[in-house]
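Next come two complexes built around chain A: one with chain B, the other with chain C.
After this line comes the complex of A and B, so read on.
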């Protein structure tokens, strides 16, 4: 923990310099230099360790651990589970992503309330990370280098894909934005930020395999669920619910498009 | 490899279509109202619905022509016939990316965020490329036709290009008439850095 705090502070300092610096042009350079300083190290390793601790910690009214949680490969099986999500779960008769499934396990196994689990799933910028972020980081690590292989056997899994694609192209709000506005063409960028084309296998693979990631500019690990929520905020939509059918569908659409590419998370991002 | 082939076959063979009611209930169940942003933001108008076709499927040409006409007919030209405000203020609008997100203060003026997608002042290197470069826009002249064309483009881009990615800055009330005039000046004024580049 002390180490992760120091890195948090360092990351925030760099982020502050970048946010207040005069020339945007230098941003990419500073980020690249800073990233190079890390070498093969990623501050996410501390968060991954925390995630493992959370998995085995007795919590909630039932004072239970998450060890009996079935992420799709059987109760307690964590190796390779993340790469096979989102997928259909018979016990709830719906498709779930990692966050929806973790929330379900926290409620079922530990007896925690939806209100408590949903209260603050994602940390604020420069904040200490959350339990959800730590668990997701650890589970992603347990799928590192494995091919992305979401479920597409069950009807509901295919429906999730179709819904995800429809949501991807759905324009609404005062700015008329959809996901496709920014992520439907190759070689595009907003200001200096490169935008992956999520309609292609290559673009979706880069985007999907790299989340969750340690966000240098924010000093915390961010999940794919958070990324979706932040995109919709920028689209001027309301607050995307963690684990909702919309976020599960979009992640299914992305994961199917990225299928076969190896997971490379937790990654390290700007 | 087998997985890939299976997916390709599946994608080619049985892409389903999502019913509007399913879409609407999924969206309404997937978002929460927060701060000044309500669930009404999820409702589409006719134009948005027409421009939400997956995989950029071509829409019906007759419907597109009608939408273009409707967009054109609804453009409100500046009341006093003056198109150009202050390029300095327009530059601020072009640089400002805030406005209408639930994390933004609704008391503050919205920005146009032009640099997110367009090159303007060439000294600003942090520009996006979703839209064309507008550097030297003023070289196109200040004829009435150019002024009205550009105003219309800012007010409702779909008057010329149905399903353009650009927001309808006037029609959707993102920018005020005065802000639009200021952005116009930033584009047209010979003294604006868009047109008058320091060597």
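After this line comes the complex of A and C, so read on.
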């Protein structure tokens, strides 16, 4: 008996070494394996359903739906609209991302106040998902497999790109960080997460096409706007407002760098 | 949206694959809020999947399951149009359920 116990302990040790060995050698591959285990299982499919229901739900003082909302391809056209954003909108004379445009429609069509719409666009800890997250998930699904094609014809669209590029490289805050600090080099990682190089088409395409995404660790769908806000927070920058010129500019910079790649959202992230 | 379960049931050969998303905070009872007060435990204890009113899966869950649980389960048999339900009962006595038909 004592002998077999020793053998068991030895076997366990060998097993431990074998398990930890390859893991350390190939950290970037771990999440890919994990994601592969999910197969087609993306809980976002249900958030997409919610988003569709929100679009057709009568809300606000005007008890109106969002059906007349013009996302750039005409009132009520949702197929392919997400992939063409951010873009210039003549009625407001500015460039908007999907969240800024949805907010505009909620206020214009449904008569909701900015305070209400801006109150909690992104889920906080313990939240079960927001209307904005659901709507964006559904709209992204309506652009699946279509090429990313943000507007760059109008002066303001090109301005947004230039501003986005400038913000991307702008070092500030207590850590003297810029977006480029983490996302300007190939093959880097933070903890176990591989960091895409967003200055290249390939890197930006992977990053941009996968948002919005179901975030496994948080149990909710996160949007590109939330991702921008989270990056600002990690840099210890001021809170990035939803739909603000800065977030629109950053998303324009990313979308133009990623242009041509097919949308693959809602994706699945750690 | 708490209490409502979204379900998909799809035939894959001779098995039926059920996927369900339950909106639930799954509070363990061990966390504290910003004022330092304990947040009461609130989690799903029991989950049941039925096919045409016959139980095909029954399980006991606990506080270790994540918020907004996503359930995937396969069972043999089932035909397009059959009724599939998923329901849960929480430690607080609260219940939730959802229903769909196999496609």
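Just so it is clear, the second predicted complex is superposed on the first by the 231 of 270 C-alpha atoms of A that agree within 3 Å, B and C clash if a C-alpha of one lies under 4 Å from a C-alpha of the other, contacts with A are read in each partner's own complex, and residues count from 1 in each chain.
The rule we apply is simple: a residue touches a chain if its C-beta (ideal position, glycine included) is under 8 Å from a C-beta of that chain, and two chains touch if they have at least 3 such contacts.
Treat the numbers as computed from the prediction; the structure is a model and nothing was measured.
Overlaying the two complexes via chain A leaves chain B and chain C side by side, clear of any clash. The partner of chain A that touches more of its residues, comparing chain B with chain C, is B. When the two complexes are overlaid on their common chain A, residue A:41 makes contact with chain C while staying clear of chain B. Residue contacts after overlaying the shared chain place A:62 against neither chain B nor chain C.
In the superposition on chain A, A:147 makes contact with chain B only, not with chain C.
Legend: residue contacts after superposition of the two complexes on their common chain; A:189 is shown touching chain B, with no touch to chain C. Contacts of A:120 after superposition on the shared chain: neither chain B nor chain C is touched. Once you line the two complexes up on chain A, you'll see the smallest CA to CA distance from chain B to chain C is 11 Å.
Overlaid on A, the two complexes show chain B and chain C touching no common residue of chain A. Contacts from chain A toward chain B in the complex involve residues 23-25, 27, 147, 149, 152, 158-159, 162-163, 165-178, 181-182, 184-185, 187-193, 199, 232-234, 236-241, 244-247, 249, 256, 259-260. Those residues of chain B that touch chain A in the complex are listed here as 3-4, 7, 10, 14-18, 22-23, 26-27, 29-34, 37-39, 41-44, 47-48, 51-56, 100-103, 115-117, 124-130, 165, 167-168, 172-174.
Looking at the complex, you find that chain C touches chain A at residues 1-2, 6, 8, 19, 21, 23-25, 27, 66-68, 70, 72. Looking at the complex, you find that chain A touches chain C at residues 41, 43, 45-47, 49-50, 126, 128-129, 219-220.
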